[in-house]
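These are the structures in question, set out in turn.
In what comes next, chain A is part of two complexes: it sits with chain B in the first one and with chain C in the second one.
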Partner chain A sequence: MTMLRLRWPAVAAAATLFLAGCGGGGADVQQADKPPGAVSQADIDKAMQTPTELTFWTWVPDIQNEVALFEKKYPAINVNVVNAGQGEPQYTKLRTALRAGSGAPDVVQIEFQYIPTFTITDSLLDLRPYGAEALKDQFVDWTWSQVTGRNGEVWGIPQDTGPMGMLYRKDIFDKHGIQPPKTWDEFAAAARKLHAADPEVYITNLASNQNGAWMGLAWQAGSKPFQMTAADQIRVNANDAASKKLANYWGGLVQEGVVATDPDFTDQWYQALNQGKYATWLTAAWGPVFLSSNAEATSGKWRAAPLPQWTAGENNAGNWGGSTSAVIKTTKNPIAAAKFAEFLNTDPESTRMMAIEQFLFPPTKALLADESFVEQKPEFYGGQQVNEVFARISDTVSTDFGWPPFMDQTVSDWDETVGKSLADKTDVVAGLDQWQQRITSYAESQGFKVAQ
Partner chain B sequence: MTTTATATAVRAASGGSAMPGRRRSPLLTLAMLAFLIYFLLPLFWLLVASTKTTGDLFASFGLWFADDFALPGNVRNVFTAEDGVYGRWLLNTAFYSLVSAGGAALLAALGGYGFAKFGFRGNKLLFGVVLGAIMVPSTALAIPTYLIFAQVGLVNTPWAIILPSLVNPFGLYLMRIYAEGAVPDSLLEAARIDGAGEFRIFRQVVLRLLGPGFVTVLLFTLVATWNNYFLPLIMLNNPSLYPVTVGLANWAGQATVAGGSGDVIPLVVTGSLLSIIPLIAAFLLLQRYWQSGLAAGGVKQ
Partner chain C sequence: MSVTTAPRARRASARRAAAGYLFIAPFMVVFVAMLVVPLLYAGYLSLFREQLIGGTTFVGLDNYVRALTDERLLGGVLRVAEFFLIQVPLMLLLGLLFALALDSGMLWLSRFIRLGIFVPYAVPSVVAALMWGYLYGPEFGPIAQLAGTLGLPAPNLLGGDLMLGSLANIVTWEFAGYNMIILYAALRAIPSELYEAAAVDGAGAWRTAWSVKIPALRPALMMALIFSVIGSFQLFNEPQLMQRLAPNVIDNAYTPNLYAYSLAFTSQDLNYAAAVSFLLGVVIVVVSYTVQLAITRRRT
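What follows is the complex of A and B.
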């Protein structure tokens, strides 16, 4: 918490400065609309043969193996891999280095939801001049829309994703004669039935500290909480009709006491998963492998299915997690950095390695159709082709979900409003309204024009 | 010497009406016991958890041992993971802490003695500035410090951790108070008459008298630097320079990352246990100095 409080003034100052710099706004935006000049193939060839040092910040374990493939193809380029921390600690370091004007990497792993937070401070390089637009068709539509800026900029290359589905305990459902729910109505009915039959068991745990899962569920419900309409204008609709529907639904189940709200990734939560306290885990495509290494005691009892739907027969999902490789604007070697980000996430051998050896759920159409990937039959899921389930789900994620340019603040406000109402079993819709109000006033204090 | 003197003084002061003070209150004892459990329980959990495998960690009762005793294996894994980087982190932490603590204690002794015994112009004003500096949490200074260090090229070097830790305003304050009471003016005058130079007086006379205060500042800084997370987090990019706090946090992050493995969790738990052992040892060894140091300035002699 101390970290958050201290960091924010710094970011706030940076954002304000940036906005002040834009001043009139209109003229700058006009200029950004022009397609940037492309770098010639001759320049690219030359850069890739010039001895170069790149620094790459990432928290993917053993990514040196993929980096080695790149260095083998381009022996002149040496990539220095640094694990600068996972998620927030890394962003803190990155911001500090960017402000100091030295020490920032050339290429950096950034999660989808944090891209606008770093483009508002003008820290990322538009990859279009380096041929990134041509990569579009290799990626699942929604992943490409996540890395695309308001004026068509390409801010990063998708590395991995987390389309959401439902992992459920087949044995618990069978024992109580419950069919895997296909709609949220069925899910609610199953929640009540299950908890009545066995008060120790909850149909699921909606973690009160997990903004990521909430955003994924809101995404599925069709909410559009954030939309940048100009460099200094944002629409904030965190309590739109779809989000209210979501808050109403979960708030009701939580207040009835048939859904748990324990914080996730804690000792207590791991124990609960192992001991069968939760009959489902509403999670992302990275969840299945994660669960199998953290809940060995329940091997063979789990199955995967798409999320329940709001309307029977529909097929919608949201996304929770996933990262991109982005290039920092201050890099001295933009061509090599951009080509490295491209290679890492499009080279067939590199992407296959990430999917099969590091279990990162792929964003590329090729791998999502690759038999060696989708036809894996893990024992933990009773031989079910879990990757195939999630590969199909990935196609059902909508392309029009956006993120605010001040993600940390949004998340910490969520913890204190919606998250708190879940934990305290109070009115979640009221929590949602508070959240909307806090984001709006924060955005205004940063100089944004806020509309609904 | 000073320890006994202080203890005697305290006993003498409360000695007259000793009897009522000695009566034990069962309620207070119970409350203290509750606090004791409250503080020791997490430690006990850590001890128990580091004897478990990943499976047992999440499947067995948290506050008691599982059937498999996996501690030796866990310890081995901690020191062999990623080519033994944990040992490196531990050595880094020890190096940063010892150098910082020794340096900070020496600087605080010099400064505190100076403030206490030399009436130079601006003494009060400068000491006021020091008092003001105590109010600023060091975490708040981390980012400005980074900006300065980046300009002089000290980022991502051990100096980035050691230099900011050398300055300890609270230590200076403590040493001034302590020096006022512990160093008699007459002794300094006698030494000066005998012809000793000022630095020799400090080294051979004052530093010995300041012993308990010195150890107190040493321990304070040792603990603070040992546990420091935020400063090394933003200052260092090279895993071989990380202290154990940042390294463990990195491992903990890997445990929850997409594609991460639960096998990292026992490493984090066992690594945490191992990382606090040197601190506990330092406390037990230096405890007597620590106690008398805390009482320093409490009694006017």
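What follows is the complex of A and C.
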């Protein structure tokens, strides 16, 4: 069908009419590329009452509870939850299934930064015909811009987010008479002071294997590394001025030896957090809960604050992590799948459950203003309203940061260039230039037209 | 009489041949379906190039040309070659020593020791790599802490200089016991008359080991060596798992297998990955054959 339509529009139109006459596939064909024809409410009602099996790939623990809410509301629809791995392992399986042409799920959890990787292969369903545009106002602006395609498509519904802030050890700062830094200059001064006073302690750990944190910091600094300018054109600016500023800053601190670069989420790193080797963790909104269950020994000693700023008085943040629910284009039940993705992430009960029970940091404006969420006072942070800190940070994330359509390769190249220069304490700006070069040559080898 | 028996014999032998084919059929079916067909398919894939923009085109041997000049691939091959030259002799020597010691019958608790040396082979390599990763930990690992208490500088076993050695240590730990079992079994098969003859000639335990046992082990050693060639050049599990602990030391082209994997699953370049795998296969065949040739020539 697709082939036909591409070559002979007239034939395709005839085929469309023919299919529409037959019923069933008609709606599908129309949505594919023309301005989205909305699915009628009658069609939606009918689909939601037809016995349907949906498969949902996700790695959120206990999401069965939210799924049960959906199944209760729509008893005809049965959702099979499958954990196909977290992040990259799941994407690998998903790609294999898509290639094989069978075994792909209907709905899938995809992180924000991987959406373009799956839209370039035309694997995701545009959710506009199913009323997704109407949901826009419920979500924080930048989260919606992250799921919005170049032509206004809606590629997924935001599930959770990770606006970045700074978790710091109040006890360590107090001991050395350091105020929580408000600017990166203050942060650098504190880094030197702290390490000089106690060589066992580093102000922070900028993990040499953590592209996610780096991208979040670049986002804050105002870098625009990737922009798709046309379907086959990408602008790669991984070493733009803002990124170079970032590389210079961190490269300098690392070479001075006042910032650690240990790989994160390893035994070594967990132990270092527990033993107070790092005085801060520059992390995302999902960090506080994660930390409290992985560094119990330090309970009560941590506090949260926004990231230090490049210019005093500014208020900027970036994002690290967070996911969406997307619908795979090959689904046989697009209506039910789209409505499931919508329900999961907009139904008040479902979203509250995700925020309170699974500790996913919410992308919806309603929850970020919800007292029962923002006014929680965890002991681990000495009773500080940590959620409120991050809820405010969430509003300071800019909306115009984009991702490349080959995220896996970009991350892997980062590890071998920028990450390696951090670990080896060599010139990080040179590493950045190398990264730019690698991304460019990969993009070209994949047939993209690359501009700077 | 001869007229009647000949066809009957022929019929019987034909029936026997058919039975033979029947017996190997289950193997052949699985062999063809799971090995030959995928291999041919990979060969077919390696002749194309698929791009995110532009789709699939036939490119002939372009992928192979690219692979032969790919510095990252060559670097990986050289690295595993170095690994092979250092690790394999060490591992086989250890296996041989253990086998001879067990076979000498002079060890106490020999069954227990035999089991103890063999057990690492039964530990899944994933578990082994994780365990060693913990032991190697540069700050909180036991080796580093021991060095710390003794006032010595802790060696960075996960650093760029020592990583290959650290990997070699894991692989040796895993497979020395396996090789010991092969060699030990071969030793047990040596007819006792040879030992008696050696004893009559006045040979002691060392002399017997050197002049009787080791020459008799040659075929078994040969087999262990060929297995080790293949194992070394296909090194994958251990570096892949250690990559998490030392992501900037072990890059995606650290070994050729790791490179092929990352080409296929990170770079989405299945076609080039297939070409790289084929070339790696050729390298292994060449090295195996060279090793075999070198050893058999020395014997004659």
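Here are some notes:
Just so we're on the same page, the second predicted complex is superposed on the first by the 418 of 452 C-alpha atoms of A that agree within 3 Å, B and C clash if a C-alpha of one lies under 4 Å from a C-alpha of the other, contacts with A are read in each partner's own complex, and residues count from 1 in each chain.
As a convention for this text, contacts are C-beta pairs under 8 Å (C-beta built on N, C-alpha and C of every residue); 3 or more make two chains touch, one makes a residue touch a chain.
These figures come from a predicted structure and were not determined experimentally.
Using the contact criterion defined above for the overlaid structures, shared-chain residue A:Q179 touches neither chain B nor chain C, since it reaches no partner. Note on chain A: of its two partners chain C and chain B, the one contacting more of its residues is B.
Contacts of A:E416 after superposition: chain C is touched, whereas chain B is not reached. By the document's definition of touching, neither partner reaches A:T311: not chain B, not chain C. By the document's definition of touching, of the two partners only chain B reaches A:D160; chain C does not. By the touch criterion stated above, A:F448 is placed in contact with chain C alone, chain B being left untouched. Contact with chain B, but none with chain C, is seen for A:N294 once the two complexes are overlaid on the shared chain. By the touch criterion defined above, A:T121 lies against chain C but remains apart from chain B after alignment on the C-alpha atoms of chain A. Contact with chain C, but none with chain B, is seen for A:T266 once the two complexes are overlaid on the shared chain. Within the superposed three-chain model, A:T92 lies in touch with chain B and with chain C [touch as defined at top]. When the two complexes are superposed on chain A, the residues of chain A that touch both chain B and chain C are 92, 267, 271.
Of all residues in chain C, those touching chain A in their complex are 51-54, 133-134, 137-141, 160, 244-249, 251-252, 262, 265-268. Residue ranges of chain B in contact with chain A, taken from their complex: 54-55, 57-59, 62, 139-140, 142-143, 146-147, 150-151, 155-156, 230, 233-234, 237-239, 246, 249-250, 253-254, 256-263, 265. Across the complex, chain A meets chain B through its residues 2-3, 6, 10, 59-61, 82-87, 89, 92-93, 96-97, 99-103, 160, 162, 265, 267, 270-271, 273-275, 284, 286, 289-290, 293-297, 321-323, 358-361.
Of all residues in chain A, those touching chain C in their complex are 92, 95, 120-121, 208-209, 231-232, 263, 266-268, 271-272, 405-406, 408-409, 412, 415-416, 419-420, 422-424, 442, 445-448.
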